[in-house]
Every structure is written in structure tokens, then in C-alpha cells.
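To start, the structure under review is shown below, and the notes come after it.
Labels A, B, C, D and E are assigned to the chains in the order they are written; within every chain, residues are numbered from 1.
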Amino acid sequence: MVKYNPKNWFGLIFHSYSRQVVKTLTPFLLIMVVYTALITFLIEDYFKLDFHSTTVVHSLLGIVLGLFLVFRVNSAYDRWYEGRKLWGLLLNNSRNLASKLNAMISQENEEDRKFFRELIPAFAFAMKDHLRKGVNIKYLKITDENIKKQLGEKEHIPNFITSLLYQKLNNLLLKSKLTPNQFLVLDKEMKEFSDILGGCERIKNTPIPYSYSMFIKKFIFTYTVTLPLAFISEFHYITIPIVIFVFFILVSVELIAEEIEEPFGGDTNDLPTQELADKIEKNVKELLD
Amino acid sequence: MVKYNPKNWFGLIFHSYSRQVVKTLTPFLLIMVVYTALITFLIEDYFKLDFHSTTVVHSLLGIVLGLFLVFRVNSAYDRWYEGRKLWGLLLNNSRNLASKLNAMISQENEEDRKFFRELIPAFAFAMKDHLRKGVNIKYLKITDENIKKQLGEKEHIPNFITSLLYQKLNNLLLKSKLTPNQFLVLDKEMKEFSDILGGCERIKNTPIPYSYSMFIKKFIFTYTVTLPLAFISEFHYITIPIVIFVFFILVSVELIAEEIEEPFGGDTNDLPTQELADKIEKNVKELLD
Amino acid sequence: MVKYNPKNWFGLIFHSYSRQVVKTLTPFLLIMVVYTALITFLIEDYFKLDFHSTTVVHSLLGIVLGLFLVFRVNSAYDRWYEGRKLWGLLLNNSRNLASKLNAMISQENEEDRKFFRELIPAFAFAMKDHLRKGVNIKYLKITDENIKKQLGEKEHIPNFITSLLYQKLNNLLLKSKLTPNQFLVLDKEMKEFSDILGGCERIKNTPIPYSYSMFIKKFIFTYTVTLPLAFISEFHYITIPIVIFVFFILVSVELIAEEIEEPFGGDTNDLPTQELADKIEKNVKELLD
Amino acid sequence: MVKYNPKNWFGLIFHSYSRQVVKTLTPFLLIMVVYTALITFLIEDYFKLDFHSTTVVHSLLGIVLGLFLVFRVNSAYDRWYEGRKLWGLLLNNSRNLASKLNAMISQENEEDRKFFRELIPAFAFAMKDHLRKGVNIKYLKITDENIKKQLGEKEHIPNFITSLLYQKLNNLLLKSKLTPNQFLVLDKEMKEFSDILGGCERIKNTPIPYSYSMFIKKFIFTYTVTLPLAFISEFHYITIPIVIFVFFILVSVELIAEEIEEPFGGDTNDLPTQELADKIEKNVKELLD
Amino acid sequence: MVKYNPKNWFGLIFHSYSRQVVKTLTPFLLIMVVYTALITFLIEDYFKLDFHSTTVVHSLLGIVLGLFLVFRVNSAYDRWYEGRKLWGLLLNNSRNLASKLNAMISQENEEDRKFFRELIPAFAFAMKDHLRKGVNIKYLKITDENIKKQLGEKEHIPNFITSLLYQKLNNLLLKSKLTPNQFLVLDKEMKEFSDILGGCERIKNTPIPYSYSMFIKKFIFTYTVTLPLAFISEFHYITIPIVIFVFFILVSVELIAEEIEEPFGGDTNDLPTQELADKIEKNVKELLD
């Protein structure tokens, strides 16, 4: 995530777009320039057609398309914000669990305290990588070689960590180191860990429906390809900047929506999952030391 | 569900529409071409009417219609996403239940473990088919012939599986194989199974209200049928591509909304319920082995 | 609720509107025809005014009015869907309660089983009628004459059924036929029964605020009454179909919103509460037999 | 709250606006008439300026303003509906609590039954007045003079009633007149009482942000003040009814939003909190008699 | 937060904007005046270009931009309102916890009562400052020097206060001063404290995504910079007020959104967190005295 000052207008307006966006947009813009110029040349100077055009159709459909894009961006933003909420909950929940375990497990029981001190942050780190390229167990700070080996055999690491945490709690209950009601209270936190994981996996694995996504792209395409026809008869070569301007706005919106709706990667707009996992580690350590 | 790369614009724009959509749209488009051509011919060349037309009414109503369609697609999308959320919850919940049962039922008690190992995934498979054509018990991987026979006598299979799971838990409580608080914790998961089932049934059985659906279709119909009148006096035969263009956009949106709002079938845009059920089976097996 | 095939376009477009809508709309449409014709005649042929008109004001206000109507329909739809959700929950909850009671109350205790087998569906039937014209106890399938007499003395029947169910559960707890945790689990289901009832009553008793409803109707009225003035100078008698077309769309939307927002009656678009109550009866019988 | 028949169109359209709205609107409308007439006179007849005007800017900004107003009304409506939901919950919750207490407190224990029979409705009445002008203890039907005196010393009456109810429940638990699980069940209802109170206080005490409210009013003002300039050159004195028409629509919307967003007063559009409190009293009495 | 009368139109319209907004807007407006004047001068009087312009493109894109801004303001308002809800919950929760502790901890146990009487409000004050510039322990009214010292060593003060409260509750449970079910009931309130804190931190730390914010600013910039070109050929120097008018509206909306979306500072539109914390202190004192 880029840290930025939202009130610094000039900085934001003249800031160069992130490389990826430039890479994506430039060829499209060039193609549109050539295409519009060609169409204009053919109609105006080559065939010298007495072309009678209207902007009414494109005005009307432009508003409809605009509505679609605004909703598109907003539903992408909703996903992004849901992802943020889930990670906020994870931070919260990790703190809560640590704070409760601190009160419930006696200071002498260093073994169990260490178990939770290591595995609660490990869940956050594993989840972060699971939502990116996949978990590499080497980077999880777990000192118990036995657990490390077990994790190495599993495919779904964060899932298995939850399972380990749950087994530990159940053992503590059976050994009467936790009262039944303390167990109930901790179970609530545990349930949320797995709900958070499930929510993030859902966001990652569900793009907007195929036909919806295809339709918006086809709509933008058909719209901009026919756009020169609406302006040529009156504006001649000035049609080129007009088409580029409209095209730039429409495609930008779609690109932003695409960027935002996958919030767990390492891109510019993605959520600061690395920082959040670090924060969880620091907080849990402080509470369970 | 079609797996696709949302960033591959060219692929998406020129990708041929799914057969079903083509089948639905082509005759309509042809009818519109013939209709518009006929109207134009009659007014322009046959009766040679001095027809004075306006695009103002269609501009205004076009925006209103556009608003309806955008909301229509978005409420269809909300359903689709709610369906996805429910199946995500099912995956989550199945894992949770298995993970908790694994901690609570001792490794020696192979009989009860097997019961849950088979019936938790069976619920997912039964629900998947229940939301499609109906459940065929043959395809459920249940080895206990007694249970299979019982299922064969019932109409609502997923419902009855929940009931079986609940009876088993209650028995374990009565035999003191579960403590009262463990029972409370497991009950929460069970409740969610039946909430998920109920939610999916609701989505499947509730189309948008009859008069609303009828109104949108009548609006699109009246709008496109009168559309040629707005353009003929100025554009003559060029009216044909204009009308087709607008018609294509409007009908596409309605068709997409119709496709998306029933997310549990086997169509291109439907949810990958088969894959999710397979995943549940694999996960539950790993956890309860 | 009308069962219909949402993909059958022709059927839907040419389907005659339900009688009620026709009855409501026809006189309005006739009045508008006469009114517009009169205005046109007076201005064009009688006073022969050199009337200079504009469509800008009506375009602008038309979009604002369109926005209001779209939001209006959507908030009506939200209510309708909330009603559907609540009835879906009722079905779910009745099944859940029956399934749990089946596991908790022994097969021998036929008396208590019968009590629940009759009263759970009775709640659904009573609620259905309570949301329509009022409950007639004769139609509730309750064999216990004592309960029937008690119900006869009360005004709010579904409320009193919940109270009876709750008393029974409390008695079972006091007689130790239910463990404290089983009681807790069943209490959750009971709470939802009364939440569902409360939600449906709220939807039924709360129309949109008076001034909002009045404003939308005044807006539509003022808009259509002044609409002829915008078109006369250019379109003369063709103003009549234009005004009727716009008027038809605007009033239809408002009528649909009115129909949808009260979903518990016996009208065409209303929820199938009768079918749902029947389904509850069948399901609960199967589970508690 | 005005009870009205939403299907009686003529009644609603020609119904005279509530006095308050008329009082507010009339002077504004008169000022606008004078202002527009003056501007028109000055430009057209006094200075005889060759004024070249455009309606494009006002069309565009009119749509933006319309969007703001629609959202404004809808967010006001959401508040109103949230208030309605909270009072619906209160009715529900009071019934539930009474129904549960009826099952849990024996018929002989008239003292405790009377305590709840009086204090549950007292909470509703106190909350109603607390959200209006403040509570007058005289109107609360409490017979216990001791409690009345205690209430007289407190500032926040509904809050203190919840506290009294909670103390009573805790005492019943300590005296073993309630089992621990019955206490848990009742605690849930109590928590909702205070959540309902908190929600209503929030709605009452939080107008939309200052700068947002100020902006919308400034936007309407600037828009209507400059509106004559857009029409004068073409419509001369007909500008006056056009401006008044647009102004009337815009200001009406804002006034409706203002009326709706404070739903707890005694105005025409406000919620029927008096009736609801009466209903709670009647219901609780029936259940706890 | 500014207290204002939303029905005092004149006061609101002519009220001078808060200094900050004026400071931000004035230079922008001046630059736009100079820029538009220069462009007009160059095209009209210096190069005397026969410039053929159109307002269609800016009309269309203006509506799209308007849609974005309306959604932008509304999502900012949603954040603001969520912040308000969380603080309302905090008030509610603090009261609830105090009210429950009052019933559960005997009047003689002054030590524990004092602990909660001081630390519950301290949480609110610490949270308020934590969301602004950071907590200064001097301003927290805690008399126990030991606790004060502990707080001084921690970074995240509100978090640590929750931890202290939780430890105290756990100790009371272990010393049997609280029954297990009382502990369960209090745990729910404690969980909400940390959820409220987490929610507020999320709102504070998550601006809208970088690329979205940048896009809106770029869109406004490009739009207003090209706006003069659309009006010059027809309106000459009158283009200047037109451009300024549009520019003023667009930038105002964005500025309001920016102001509203960070609701925890000390600015004009920010939430009255100081007053709410004072209220919590007063209420808790009254209840636990």
C-alpha cells in the first residue's frame, strides 16, 4: 500500500502513474490514436463521405456505461475494504486471544505460553503468504522442530495452524488448566480466526462473474470503437483528442477496479498485510512475554 | 464457473459469447434488423411521410431504463455473491467442525470418526445436487448401508443428513463422550449448516418479483420498438445500426442479470459447487483421518 | 406469487397485466389522453398561441424523478426480499427446532412430541393469517381443546403460541427432561421465532414516510401535467402519444413499488406464505413423527 | 405518524401540505418569484442586455445536484427506518422478556412479577420521552414510591431503569430463584434493551456532518440564484414559472430529508412511539398477569 | 463537531466556510480565474482562432464525474457514521459494564469498584487521544501509581487498559467473587471494547486506495483544465464565471469527502469524542459510586 497524503492535490495529480498502469495503458492509447486518425482520414479526406453523425446515442449509452463503471469500482472497493476489515479483525483477534491467554495461563507455564506466542503470529504470516504465492515454512518463526515437520507435510498451512491451536486448547481443558467457561470464551476467538481465513480466501478466489466482466469490456470496446463516428462530421481531426480523452477515463476506471478487487498481493494498492503481520507478532509478544 | 484472466482484455472482448447467449440473442437481433428496416422503408420510401422526430424522449427514458438495468444487474450480482459467501461458509464450517471433532473424539473411536468423515462431505454433495436437479443417493460416498437406506426414504436429503449429524452429537453428549460445553460449541457449527442450506434454497426459489421482471422486459420492448421513430427523420437507413447497437446493450444486460441470479446450476457463470464439495471432502478427510 | 419462467421474454412482454393494475391504470391513461388533447387543441387551434417551449427543464427533472423512482422501487424490493428472508428463516428454524427436539425428547414421550408437532406449524399458519386479515383459530390444526380455548381468549395469537412453546421448554428443564445446555440451545431457536414475527410485523405496519410518498406522487403529477407544454410547439398532436408513453412508465414504476412493498397479502406478487406454511407442517411432521 | 392509504393517489396529490412545510416554503417561493421577476426585468427591459445564455451548465449540475438530493433523502430514510427497527425490536424484546419471566417466576411470587410488569413498560415510556423533551416521572405508571424517588434523583431515567432491572435479575440469581442458565438467557434480552436505547440516542444526536449539510444548501442556493440567467434570453418572463418549478422540487426534497431524519419527535412523519409504548404496556400486562 | 440548526437555511448558506476550507480553495479558484482568462485571451484575442467547440463531451463526462463524487462523498459519510456508531457503542458498553459490575460487586468491595470506576473512563480517554496525537498518561485520571507506571512503559495504551480490565475479571473469577456465568456475561462486554478499538483504528489507518484517490483528483483536474475549451467559442469571457462555478462545486465535494472520512481529529466536522468521553466518565461514576 502506498502511504500518501490525500490532501496534497498537486502531488497526486502530477504523480506518475505506477509503472504497471502505464505499461498497460500506453499501447491502448497509441492504438486508439492511430485508429481514430485512420477513420478520420478515410472518411474526411479519402472517401470524402458526406457523413451525417449524431452524438445522442453515445451520450445516452455513455451515461449507462458510466453507471456500470461507477458500480463496478464501488463493488471492487467494497471487496478491498472487506479485505481490510478482515485483516483488522485478525489483528484485533490475535491481541484478544493473547490478552486472554495471558490472564488464563499462569506465568510459570512457560511451555504453553511459548506455544501461543509463536503460533498466533505464525497464523498471520502463513495466511499472508497463503493469499499470495503460497507458504514457505522456513519463514515462519517456529522453534519447535516437531511442529515444523508436521506443517511441512500439510498443504493448507494456516488451516493446520488453527487446528493445532484448537487441539492445544482442548488439551488444556481436558487437563483442567482451563475452566469450561474459559474454554467457551476462547472458542469464540478461535472461530473468528477461521472465519477470517475463509473470508480472505473467498475474496481471493472469486472474481466478478465471467459474463459481467466480459460485458463491461465489450461495452467499453464497442463504445470507443464507434465513438469517432459520432464526432467526425463536425470536429474532423479534433475528434482524435476527444476520443482519447473519453477512452482514457473509461479504461482507467476499469483498470482501477481490477487493481483494487484483488487486495492481497504485493502491488501498490494492495493491503499492507506484511506490516499487519509484523504488528501482530510484536503485540502478541508484548502481551504473552 | 469459467476460470479467466480478468486482465486479458483482448481475449475477453473477442471471446465468442457462450453458446446459450448467442442462441438467445441472434434471433432477436435479426428480428430487430428486419423490423427497423421495414419501418424505415415504410416511412421514408413507401409513404414518404414528412416525419418530424425527436430524440429527447428516448434520451430521458434511456437514462431511466439504464438506471433500472444497472440496479437489476447489481441485485443479481448480490445474489450471486451471497451464494458464493454461503458456499465459502460451508467450506469453512466443514473444516471447523472436522477440526473440533478431531480434537474432541479420541483417535481410538474410529467408528464415530468415520461417521463424521463420511457425512460432513456428504452434506456438501447432497446440497450441491439438491440445488440442481435433485440428489441421487448412489453418488454419495456413504459406506454404512443402514444410513443409505434411511436416506433413500426421505425427500429432503441434505436436511436429513443434518438431522443425523445432530442425533449423533446428542448421543455423544448423553454417553458423556462430549462435555456439555463441547456440545454447545459444536451446536453453533451445526446451526450454521442449516442456515447455509436455508440461504441457498431461498436464493434458488425466489426470482425477482413477477411484476418487476415483467416491467423491465416491457420497458425494454416498448423502448426499442419505438426507438426507430426517433432517428428515422434524420438518419434514414443508418437508423438500423443505431437501433441494433442500443438494443444489443440493453438486452445483454438483462440476459446477464438473468444468468447471474441463479448461481447454483452447471452453467458457465455458475458457482464451482462441484469443486468446492470436492475440496470439502479432501479437507475433512485430512483432518479426521 | 406467480410462478413464471423469467427467460420467456415474449410470454412476459405480451402477458396481460394483472387485473388490478389494469383497473388502476386505464382511467388514469384515459384522463391523460383527454387532458393532453385538450391542452393541445386550446393552444394550437383555439387560442393559436405562438407558444415557445423547451424540453430542457423536463429532461433534467425527468432524470431526477427517474432516480427517485429507481430508489423507490429498490427500497420496496428490499422490503419484499427481507420478508422473503424472514419466511425462509422461519422454515429453517422450524426444521431446526423439530430436528433438535427429535434428538432430545425420547420416542416414548409421545405427549410432548405431539405438542411440538402441532404447535410449531401452528405458529407458521397463525403468523401467515396474522399478517393478512387476522387469525381464525378454527383453521389451526390443534387437537388439544384446552390450548384451543386459551388461544381463543387472546388477541395476538402467534405471540401467545411462542409463549406456550417457551413455557413447555421451561417445564421440561425444571423436570430435568432437558439438560441446562440443551435448554440454552433451544432458547436460541425460540428467540428467532419471535424476531421473525417482529420483523414481519414491522414490514407490514410501516409504509414509507407520509411526506416522502406524497412528494413522489406530487412530483409525478406536476411533471406529467406540465409535460404537454414542453412538446406542443414542436410536435402538435404527436404530443399525445409522447406524454402517454412517459406517463405510463412513471406511474407503472410507482404502482409496482406499491405492490411489492406489502409482501404478505394474497396478491399476485406476494410471497407464497401459504405454501411455506404447508411445507413447514410437512417437514416438522416428518422429523417429529 | 400520519396513517394514510398509499394507493389513494388523488387524496395524496391534492392533500394540503402539512402546515409546517407550507410555512417554511411559502416565503421562499415568494422571494424567488420577486427575485426572478426583478432579474428578468433588469436584463430584458431596463438594461436591455443582449444576453447570450446556455442551459448546458445547469443541466449538468442539475443532475449532480439531483444525485446528491436522492442520496440525501435515502440516507435520511435509512435513519428513519433504523429508528423504526429499533422500536420494533423494543416491542419484541419487551414481549420476549415478559414471556420468559412469566415462565421462570412462579405465579405466587406476585411481588417480583409486579416489579417487571411495571418497569418493562416504564422503560418504553421513559425512552419515548427521553428522545423528545425529557422524562417527567409523574407520567410513569410506577406504584413503588421508593423506586419513584430513586428515579427522581437521576438524570438519565431510561438508563437507570435498565440498571434497576439488571439488579433485580442479579438478586434473583443470587437467591437461586433463577438458575445460572436462565440468567444467561435473560441477560441477552437485557443487553438488547440498552443497545436499543443507545441506537436511538445516536440517531437523535447525530445530524449529518455540518459541512455536508451546508454544502447541499449552498449548492441549491447558488443553483437557483443563477438559474434565471440560463433561461432569460430565450424565455423572457416565462422564466419565472420555470425557476419556481425547479426550485420547488429541489427545496421540497431537502425539507423532506430534514423532516424524516429526526424520527422521534411528535411531528406528522415521526414514528408512532406513543402507540408503540402503549402496545408494549398492554402486551406485557397480558403476559405477566 | 459544530452544533448547528439544520433548519436555519439562511444561517447555513451565508455562514463563512471554516477557515481551513477557505485557505485551501481560494488559491485554486484564483489560479483557475487566471488560467481561464489567459486561455480565452489567447484563443479569442491573440491568435483569433476560429475555434469550433462542443459541450457534449463535458456534459457526458460531467455526469460520470458527478456519479463518482456522489459515491465518494457517500462512502466518506459511511465511514464517518461508522465512527459515530462505534463511539455510541463505547458509551453504551461502558454504561452496561458499569451497570453489571455494580450489581455483581458488593458495595463493601470499594477497592475493586474504584478500579473499574477509574479504568473504564480511562479507556475512553486513552482511545480518544490514541486516535489523535497519541496518549499522554498525565491526563488519565488514574490514582493508582502502580498502574500509571505500568501504562507508562507500554506503547499501545488503550490496548493495555483492556488487558488490565480482563486480568482483573479473571482474578475475580478465580477468587470466586464472580460466578462462571457472570464471567461469561462480562466477557461479552469486554470483547466489544476491543472490537470498538479495532474498528476505530481501521477507519483511521485506511484511506481510500491510492489509485482511486489519485484517479478522482486527476479526473477533476483534466476535466476543469479542458472545460474552457468547451465554452469559449460561444461565451467568450463569460466562460470564466461558468468554469469557476463548475470547478467550485466539484472541488468542494472532494474536499468535504476528505474532511469527513477522517472523523477522529479535532476539526469542525469531527466527532465529539471529547464530549463522549466526558459523558462516559460521568455515567460510570454515577453507576459505580
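The rule is short, and it goes like this: contacts are C-beta pairs under 8 Å (C-beta built on N, C-alpha and C of every residue); 3 or more make two chains touch, one makes a residue touch a chain.
Not measured: the values here are computed from a predicted model.
On superposing C-alpha atoms, the copy subunit D sits rotated by 70° relative to subunit E, to the nearest 5.
Residue numbering shows that subunit B and subunit C use the same positions for less than half of their mutual interface. Centre-to-centre spacing of subunit B and subunit D amounts to 38 Å, using the average Cα coordinate of each chain.
Averaged Cα coordinates give subunit C a centre that lies 24 Å from the centre of subunit D.
Multi-chain contact residues, meaning those touching two or more other chains, occur in subunit D at positions 59, 63, 67, 180-181, 184. Chain contact topology: the protein chains form a single closed ring, every chain touching exactly two others. Circular chain order, beginning with subunit B and continuing to subunit C, reads B, C, D, E, A (contacts as defined at the top).
Contacts from subunit D toward subunit C in the complex involve residues 1-2, 4, 6-7, 9, 12-13, 15, 17-18, 21, 55, 58-59, 62-63, 66-67, 69-70, 73-74, 77, 80-81, 84-85, 88-89, 91-92, 95-96, 99-100, 102-104, 179-181, 184-185, 188, 231, 234-235, 238, 242, 245-246, 249, 252-253, 256, 259-260, 268-269, 283, 286-287. On subunit A, the positions that touch subunit B within their shared complex are 24, 28, 52, 54, 56-57, 59-61, 63-64, 67-68, 71, 75, 154-156, 159, 162-163, 166-167, 169-171, 173, 180-181, 183-184, 187, 191, 194-195, 197-199, 201-202, 206-215, 217-219, 221-222, 226, 258.
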